[in-house]
Each structure stands twice: as structure tokens, then as C-alpha cells.
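Input: a single structure, listed below in C-alpha cells.
Think of it as A, B, C and D in the order they're written, each chain with its own count starting at 1.
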Amino acid sequence: MAANLLEVNNLKTYFYTRGGVVKAVDDVSFIMKPGQTLGVVGESGSGKSVTALSVMRLIATPPGKIAGGEILFNGENILDKSRDELTELRGSKISMIFQDPMTSLNPVFTVGYQIAETVKRHRKDVSNEQAWRRAVEMLDLVRIPDAKRRAKNYPHEFSGGMRQRVMIAIALACNPQLLIADEPTTALDVTIQAQVLELMKGLSQEFGTAVMMITHDLGVVAGTCQYVNVMYAGHIVESAPVKQIFQTPAHPYTVGLLQSIPRVDDARGARLTPIAGQPPDMVNIPQGCPYAARCPKVQARCRQERPELQLVGRGDQSAACFYPN
Amino acid sequence: MAQFLIKRLIGLVFVLVGVTFITFIIGYAAPGDPIQEMLGNHFNLAQYMRLKHSYGLDLPWYQQYFNYVFRLLRGDLGYSFQTVNRPVFAILQDGLPTSLELGLWGLLVQLIIGVPLGILAALKSGTWIDTLSMGLAIFLFAVPSFILASLFQVAIVYLHLSFGVDWPVSGWGNTWQYSPTDIQTKIGPIIIYAAIGLAYFARLTRTSTLEILRQDYIRTARAKGLKERIVIYRHAMRNALIPIITVLGVSLGFLVSGAFFTENVFNISGIGYITIQSIYTRDYPVIQATAVLLATAVVLGNLASDLLYTVVDPRIKVS
Amino acid sequence: MVQQVQKTKAIGTTLVDVKGLKVHFPVKGGLLGRTVGQVKAVDGVDLFVRRGETLGLVGESGCGKSTTGRAILQLIKPTAGTVKLDGVELTTASSNDIRRKRAEMQMVFQDPYSSLDPRYTIGQIISEPLENFKRGNAKEIQEEVANLMETVGLNPFYVNRFAHEFSGGQRQRIGIARALALHPSFVVADEPVSALDVSIQAQVLNLLQDLQGKFGLTYLFVAHNLSVVKHISDRVAVMYLGRVVELAKSESLYETPLHPYTQALLSAIPVPDPEVELRRKRIILEGDVPSPVNPPSGCNFHPRCWKAQAICREVIPPLEEKQSNHYAACHFPG
Amino acid sequence: MDTHDHKPETNASGFIAPTSNAVEPEFELSTVPGHENAAPIPEEAAIADSAPIDPKPKKSRTPFQESLRRFRRDKRAMISLIVILCIVVIAILGPFIYHHIGGLYKQQLGTHIIGPDVYHTYDHQELDRAHEMPSPQYWLGTDGIGRDILARLMQGMLISIVLAVVVEIVDISLGITVGVLAGYYGGWIDQFLARLADLLFAFPGLLFIILVAGILGGWADDTLGAVPVIGAGGNARLLLISIVLAFTSWPLMARYVRGQTLQIKEQQYIEAARTSGTNDLTILTRHIVPNLFSIVMVASTLNIAGTIIGEAGISYLGLGVRPPGASIGLMISDASQSLSAYPWELLVPSLTLVIIVLSFSFIGDGLRDAFDPHSKD
């Protein structure tokens, strides 16, 4: 068994706002193996993006702060690294692409420049021409037609899907070991989403890059990921290989999520079973299981103690629930 | 982009027509008869008619206006009412170099101090540096330059009385010359003059820098592993400068308005001083000429900042 | 009451009939701000909605689906075409007549945040249409508001609260209550759940379905999410670049799509089932959607279509009934 | 205060050199919980679906009241507001009280015995009592021709306030009307506004005011001077100046209002109102104008500062209020004639002006922060 590429232990990322402390990520632990594709699923405010940004150490400080835990990347704790060591790591070993391709590229530089800049930053021995050639090569790789000419264009001259390809080119330009994709296709149309997902899948396999795919779309997870973490209110509530998540979900939240989404391959009219109520107020999460207020299987114990993530006895599947399915 | 420029140019022509018309109408509608005043006690009808005709004041108003505009287009600004036979052009020629010098230094000081001050405040936002520099900016923005000038002069007088410091209280020295005395004389007016624009630029730069630092592409730049210095000076500054360039035109308005007060407080015989003097003496041709001149300067400044804008922001070129 | 009148009419007859609907927005440009082009947002849409059914209108961003919904309600003046509501022509009606007609046609909006005026209480928001149409005195309106709130699953206790105190899903319920206040026969729901979290989406979708059963409503359900559309619609119309390319019963459209674009669209939707995902074959379309300012000639899908022939570049395929009750605008369907 | 004290270290290119002690913000705003996806969760927890836990109907705040509460928490703005209120009270009520304070006084040059209702007026001269420092008789001293500085100051403040009110009334009513129409309907009114704004930006407002005040000032003295109240005591030109100040400021207000109207127009609640059968006039008055309140309030407060400086400047140049009238600008101008010997006379009006202007700026900033926390400057 290969060593872990990423190991997150008891990560706590809090935001100190005027309204109170938002425990956006509270005691989250998980691992990623080299080359693995991990899906992180959850609704807005569940802490999935904050988890990713914590791994990149891109949390805005203030108001955010990584309040505890460790993030081991290749065995080294990222939280102990100096700012210089961090910048060495970012973009070369770990890269990230973001949700909104329209605003994620700097409008005043050509896309070629923005790719070449990353290459120059991390490969000291590379000349400007070599960096530029690499940029064109990357644009070609993400299937931007006429890459040589398009490299000289500015971001506003590209469509949303094309810009997301450019972002992927930037992210993969230095062959990172880990690519964090934060809702990379949420802003895109479904046909463009298919293009981009296909591209990411192909390239990550080609480069041997591990991918952390953050999304709220269970369909995207089913099609692209090997392993899935389900997050709710700052906690991982279930963690399992993709098949088990969808076939034998253990946590009531995962079950609820799967029952509440309409499927294109369903028969029409089958009534959805929504999850009752609202997600909890992140400033005052009640004690006990954060899902207790909405859970159909809630017991007295759930309102008292918070369940830990533990194996449910079906191989590599664990859930944070006292009464898993 | 050519279209953008042509569009701006058409706008400029419109503005200039508006400016000439306003200045003309104000002069035309002004009460009192300048020729009569000019003649004063030497009034005689024949001479009155002759002068009135030679100044073209006996024509209907629209003809006077067209004559005025056509003369303007030829660069002929007419003659002063105050000093008979003195071309307005010559009067302006006396004041212009001084005003230009003042304006140029003022703008330079505004940018060189204001912009870095704003960046600094933004980078240190929330710290005492931010509070202090923005406090200073608010103060400078709120205190009219004639008060600043007076305070400056009080301070000089006080320093002179208590410590025997010799520092010129007013004047400008020799235009475009920089002997130690000249420099000494010029420093005060320039700083007072630049104060309001400096404050404006500092606040604007701070706001726009903070805004840019919040953008997604700055996060991208950090995620690429760029050094913080590069993120700020290359990725953030290029973008933060765009709004600053767009308001350069507005700041020219400040410069022109400021000139009236600074030149009058310090007795600097530039365009602002000349304008106010002409207003006291009702020398309409001079007033009209300076108004048109200043408005043209602002309009050209706006055009220049538009041009610069297209250089800095690639998004302009296509739209 | 409007409701009763409506019930006397047979379910299944045509309520809304749209023919040749076009909405072109001028592109200003040049030196004098003249119109230099047209954004052909909607470029010849034909469709009809039957009484009591839900017609799903689906397509990618910029295809003109929302504009179509608004043009039907005369919130945007159509450039050409006819829109009949219950046999009454709307495009030529005066603005006063249209305002009167609004009691019968309502809209549920996409954005639960910007669709409620932040200065008004829930009660004021829901009662606005009632007051416009003078449906009773103050007390009656107050009672009606309480009724409506209960109908959409909100506690009438909160009638004096402001919208910002509610969550997205609850705000969407308020919007639905406002739309139902006048007992309309026809409701355009413009992406009513796309701004909501998945667990909340289901609550709102169920509510819409329940209300349809209760009041015999007719929906035009505009959305980009094909799974949601399939779930709620009896029939579905697929739009591409300002035109309806396929219109059919939901089952028939999803099982045997005839238009290549529909086929690609359906194959692109991720299914939350890894087994299915593994087996699926995707049709990945090349390139982006062309600009509606300068759409391609002929069938405007031809540059991205793998079946395109010479005729596709030249002749606009009409929306024809290719199978029973299954319309498609394609020269080579199937 | 010296600008150079805080001048940042600059390197050759004029940029700040990064210093070792620089606390670079580690990272800027990334994702804040609740803003992860499209829909932000409101600060307050959403109301629970279930029956109310608290049976007492809690009085809830409108967003407007929320903003007011934020404004009230802004200490700087609240202090400024109190200062302005004090100034208004002093300017309006001050003279009435001051006229009754101080006993009779026997003039040295004349033979009259005069009471405080005479020597505590802004235009009364006691030529042998020039350049005095504060005393029980003259609380803030006298100016170069023996006029009571406090009396003049109160009159000057009154002038500033009256002018600000007049200008703001014109500014707001014209600005809202034209701005809303231009924003809501577009068309020629929009074009007209755009051109006017262009002209205004190119033609410095002050230059225009100076031109009008300079050229038409004499006429105003002659005609308006005869009008009672307005024209008395050298204030004739004020009307002229306020008209011109209002004229140069409303297009800016209209532009703000237009921009805001365009933004509100895009909100779906406008479309929803139309769908509900609400007519245009009702949409304008019920849904658009009320939502303009905050921007108009912010813009007009900041404009007041400009108006007051403008009037002071014009009077300083001698083109505004004429002697014997009193205006802060005129007092500064008078005092600067003899500033080296009597700096006190300069300091009093200067400080007053600075306090008024700063207070309005702070109130404006506070309002903006409170009502529109997302856009600064």
C-alpha cells in the first residue's frame, strides 16, 4: 500500500465574525492516496471549500484561522511551513482550480503569460521562451484550438468553458501531485461541464495527479470519483468508496440527499423525499449530532453527544452516526 | 478602439461647444456696458460706437457667438477690455507657463505621494498605519486649500518670529527655474496645491487596492505559488491602477479649481490669478479665454486619461 | 371565482398557444449609438401548453428560455409572433388589458433574494397583487394572506417579518404565495429551484406539484437542470439558440430523443449512480454555443452537429411532428 | 500636521519598498462559509419551519432599521452628528441669547450708550476696539474693524446651513426626478443627463461658479439687495451662489440616482410587481424611490460638505457675501489680511469650517458604511 499523499487530521478552521465564531470546518480527518480521485460533497456552508482552501493555506486571515489539527502532505505538515515553503508548494505540488472561471483569471495579462508565469516560478532553470512554449503546449493539451495564437489572447476573449480549460492548464503546468478542484463545473452549462470533466479525468490519469473534487452535484461525484467524503455543517458525516456511498449509504444525511434529488433516469412522478428543515446556523450549532434536528432516525442520544466517524462494518465505509443504515 | 476614441472626441467637441457657449452667454448677458465703463469719463458717442463696432458688440448675439467661436478656432482670443489694444493672448502667455509649472508639480506630488500612501494603507488595512494615513487623507480632503495656505503662512510667520527662520510666505520665484530660493519659494504652494488631490488619490488607491485584493484572480495568483510581492505588485497593482487612471481627468478639475485659490493666496500670477483679477475688473474677453483654456485643458486631460486607460486595460480594445 | 370558471373547462385543452415568437434585442454601437445588430434571444418559438399540465422548457444559458417565458407573460415585448392565453391574443392587447390579464398569468422567479422587495413585510409582499385587483377589504385581504401562507407551508405568524429573515427555500415559498394570490390559471416558473441547495430543492418541487393538484394550475417550468425538468414535467421543450429544437412527452423525449442536441444534452447529465455512469457513453459536443447576435445559417446547431449535411447549413428545419406527439426540428432526426 | 512624517519609504520606481516588518495580510478573502455557493445565508438564522418557539411576536427590524442601527454604532459619525446639531442650534438660537448677554456699554468714540443687542450683532463696528482677544464683552474677540467675532461666526454658520439646505433641496428634488426618469425610462432624458454630466465633469464647477458669481454678482447686489431678508446685509449674492451650486451639483446626484435606479430596475421584485399588476407609477413610488433613500442620503451629506466649502471659497475670493454681511469664507479672507499679527482671528473661522466639513464627511462616510457596506468610496 502506497504512502498517503495527503493526510488531514482533526482539522479545525474557524471564522471569527462579529456574529460569533463560525466553525466552518470542525475536526475533519481524511486521507488521500497518490493518484486517487476523492469527491467532497456537501451543500453550501458545509465546509467543503474551506477544507480545500485550508489545505492550500489560502484561508483569509483574518477573519478565518486554522485553529487546530494537521495537514500532512507527503508526510510533512503544511501548517508548519513558512510562507516561502508554502509558495514553493502551491502551484507546483498542489494546485487548485476555482468555481468561477470568469473571475479567476487576471484580466490584464494574456493567458499564455499566466501559464508561463507559473512555470517560471517553479522551474528555476527554464528560460522565458521555454516557459512560453510550455504554456502553448498546455493550452494545446487542454484542447484549446489554435493554441499558439490563442496564448496571446486575454481572458475576456475566451468563453467560460475555455477559461476553465486555461485554469486547468495553469494548474497542471508543473505536474502537481494533487489537484484541488473547487466546484470546477458549477458555473458551466451541462454540455460544457461534460467537456471539462472529461478533460480533467483524462489529464489527471495521464499526469497521475490525485484530484480532490469538491462539488454539490452527486452526479459529478458518481462519474468522476473513486472515494467520497460527505460533509455536513463542518463535519465529515460519511466517508466511503463511491459505489458504497450510492448503493449502501450509511448516514441518514447521505440517504436523505440521494432521495431528494431528481434523477434523469428516474421514472417521472416518483415523489421526492425532501430533507425536512434547514441546515443549522453555523454560529450556534447545537450540541450533539449536527444533523439531529433534521434526521428522521433521531434518538435522545443524538442530541447529547456528537458521533465520531467510525467504520460501519462494510469494508472501507465509515459514518458519523450512532444508528447508521 | 478607434471607434472608442472617435466617440470620445465627439464628446469633447460637444463639451467645448457647451463651454464656449456658457462663457459667451454669461459675458453677453452680464449687466453693464463694458465699452461705457472702458471710456469712463472720456465718453463720447462717436468713439463709443467705433469701439463697440471694433469689438463686434453691435451685432446680434448669435453672430457675436459665431464670430467668437471662429476667432477662437483661429487662435484669436480678442483684446482685453481693461488694457486697450492688449491681446488676450499676450495676457495668457504671461500666466500660462507659471500655471503649467504649478499644475505639473502638483499632479506629480499627488501621484507620487497619494498613490503609494493608498497602497500602503490598503496593505496594512486595519492597522494604525491605515488609520493614520486615511485620517490624514480625510483631513486634507476636508480642509479647503485657502485655509491650509493661511495656516502655512501663519506657521512661517511664527517660525520667523520665534526662530528667525527665513522662508518666503508667498510668490513663486522664477518660472521653470530652480535656484535654491526658487525651490524654497515653490515648495509651499505646490504642497498646499497638491493636498486635496493627494488625499483623493490616496483614498481612491486604497479602495481600489482593497477591492482588487478581494478578487478571485488574486487568489488564483496565490494558488499558483507566486510570491506575495509579485501577487501585489504585478497582479494587484496593474488592476488597481485602472480606476486611478480613469479619474486622472477628474483630478485635473481639482487642479484647475485649486489654481484659483493657491495662486490668489500666494500671489502667483498664473491663469487662476489672472481670471480672478479679470473678474474684479470685468474684463470679459480675458475671463472667457481663461475659462475656455481651462476647460480645454481638462477635456484634453480626460482624453489623455482615456488613452492611457486603453493601454492599461486590454478589455477596452475590443469593446 | 376564477378558480371555478377554470374548472369548468376541460383539462387537456390548449391554454397557452405560442406561434413564431421572436424577441430581438437591439445591439447599440457605432458613433451615434445606432442599432448595429440584433441579439436574437428568441428566434421563432412555437409551443403550446395544455390546461393542467406542466411544460418543461429546458436549455443551456443564453438559449432564450427565460426570455421566452417573459415574452409569453408580456413582461418583454415580443418582436414578432402571437401569444394566446385562453384564446385571447396578448401581443396586441393594450397595456391596461394586459395588466388586467395578469390575474390569470403569474410568475415564480429564480432569485429568492432579489425577487422580494427588502423594504416590505411578507404580508405586504403577498397582498400587493390582491390590493392591485381589489380583492376584498383590508381584513379580507389579511385573511387571504394568512391562507396563502399556510397553503405554501409558511406559518402565518411570521406575516410581519421581512424577507431577509427567511432562508432561500422559505423565500421561494413567499414568491409562490404571491404568484398564487390571484388564483392564476397559468404560472411561469423561471428556474424556481436553481438557487437553492439540493435538500431544499426537493421541498419546493414537491410544493409546486402539490399546488398544481390542488388548484389545477398550468405550469411553464423553465430550467437548465434536465433532471429537475424531467421530474416535474408532463411534456418538455428543448431550446437551443433561440429556437425550440424538440418538444415531446417527457418519457418519450428522455428515452428516445430525436434531435442530436437533445441527445448530447441528455448524455452530458451526470447521473448520481456510479454503475450507470460507468456504462454510459457520452456525446461530447465540440466548441461553445455560438453568439445569438450572429447565429449560424440553416439549422443553428449544424456547426457542432456530428450528423450535419449540406442541407443543414442552408435550410432551417421546421419543428415537425416526427412521431406521434413528438416534435423535432431536425433534417436527420433519430 | 506634516505630510512628510508618514511618507512611506519609496524606492526608485516610486513604489513602496517591502520592508521587513511589513505585515502582509497573509491571504485575502477567500471563501467565507455561507458564501460558498450562489446563495448567501443571511446573518441571522433563518426562521425555523416549525411553529414559533417564542410565542411573543418579536418586533422585527427592516433592513433600513438595521442600517440605522449600524449607523448608530459608528461613534465617529454619531459624534459628528451631535456636533452638527450643536452648530445648527447655536447658529439659529445663538444670536437671540447672545443679544441679551452683557451689560450696557458706553462707546469711547461716540457718546452713545449701547446694549448687547447692538454690539453683539454681526455688523456692528466699534472702531477703537479692533483686534481684541476674547473678553467678557466680546466672547471670541473682535476683528480688524471692531466687529464681534462670535456674532459674525454665528451669522456665518447660519449662512452655511441655510445655503446647504437650499442647495440640497434643489439637488435632491431635481436629482431624484431626473435620475429616476433617466434610469427607469432611458431615452432622451437619459441622453440629456449623460451629456450634461459630461459637460459638468469637463467644466470645473468652481470655475463656473466663479464666472457666474463674478459676472452677475454686481447685478445681484443691485436687484436682489432690495429684496428684504434675502438681500439684506450684503447677502444678495447668496441666492445667486446657491442657484449655481445647486445647478452644478444636481447632475451628479442624478447620475447616482440613475445608476441605483438601473440596479433596482434589474431586481426581480420590480418584475414581480409588474407581474402582480402594479402600474408604473406605483412601481416608481413604492418600489424604486424608497430604495433610493440610502444613496440619496449618502450623496447629499457628502455634497453638503462640498457646498459649504464652495460658498466659503467664493466668499473668500470676495465674490460671495459682501461686507457688512458675515460668512465664514469672508471672515477667513478678512483675517488673512492681518494674519501674522492676529492669527486668532483666522483660527476661529478656519476651525469652525473644518469642523463643519469634517463632521459632514464623517456622517456621509458613516451613512455609506451603514447603508451600503459593500461599496466603499
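Here, contacts are C-beta pairs under 8 Å (C-beta built on N, C-alpha and C of every residue); 3 or more make two chains touch, one makes a residue touch a chain.
By chain, UniProt protein names: A, C = ABC transporter ATP-binding protein; B = Glutathione ABC transporter permease; D = Glutathione transport system permease protein GsiD.
It should be emphasised that the depicted structure is a prediction, and the values quoted were computed from it without experimental measurement.
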item: Where subunit B and subunit C overlap in contact partners, by chain label; value: A, D
item: Most centrally placed chain - per-chain CA mean versus overall CA mean; value: D
item: Inter-chain pair with the most contacting C-beta pairs; value: B-D
item: Centre-to-centre distance between subunit B and subunit A (centres being mean Cα positions), rounded to whole Å; value: 53
item: Centre-to-centre distance between subunit C and subunit A (centres being mean Cα positions), rounded to whole Å; value: 32
item: Interchain centroid distance [CA atoms averaged], subunit C/subunit D, Å; value: 49
item: Subunit D residues counted as touching two or more neighbouring chains; value: 25, 27-30, 37-39, 41, 46, 49
item: Subunit A, residues touching no fewer than two other chains; value: 43-44, 58, 83, 216, 278-279
item: Multi-partner residues of subunit C (at least 2 other chains); value: 167, 197
item: Residue numbers on subunit A that touch subunit C, as the complex places them; value: 43-44, 159, 161-162, 189-195, 197-198, 216-223, 242-243, 246-247, 256-268, 270-275, 278-279
item: Residue ranges of subunit D in contact with subunit B within the complex; value: 1, 3, 6-8, 10, 14-16, 18, 22-25, 27-30, 195, 198-199, 201-208, 210-212, 214-216, 218-219, 222, 305, 309, 312-313, 316-319, 329, 332-333, 335-336, 339-340, 343, 346, 350, 353-354, 357-358, 361-362, 365, 376-377
item: Residues of subunit D defined as touching subunit C within the complex; value: 37-42, 44, 46-47, 49, 51-52, 57, 60-64, 266-269, 271-279, 287, 290-291
item: Sites on subunit C touched by subunit A in the complex; value: 60-61, 167, 169, 197-203, 205-206, 209, 224, 226-228, 230-233, 250-251, 254, 264-277, 282, 284-285, 288-289
item: Residue ranges of subunit B in contact with subunit D within the complex; value: 11-12, 14-15, 18-19, 22-23, 26-27, 29-32, 112-113, 115-117, 119-120, 123-125, 127, 129, 132-133, 136, 138-144, 146-147, 150-151, 153-154, 157-158, 191, 195, 198, 203-204, 206-207, 210, 213-214, 218-219, 222, 228-229, 232-233, 237, 249-250, 253, 256-257, 260-261, 264-265, 275-276, 279-280, 282, 284, 287, 291, 294-295, 298-299, 302
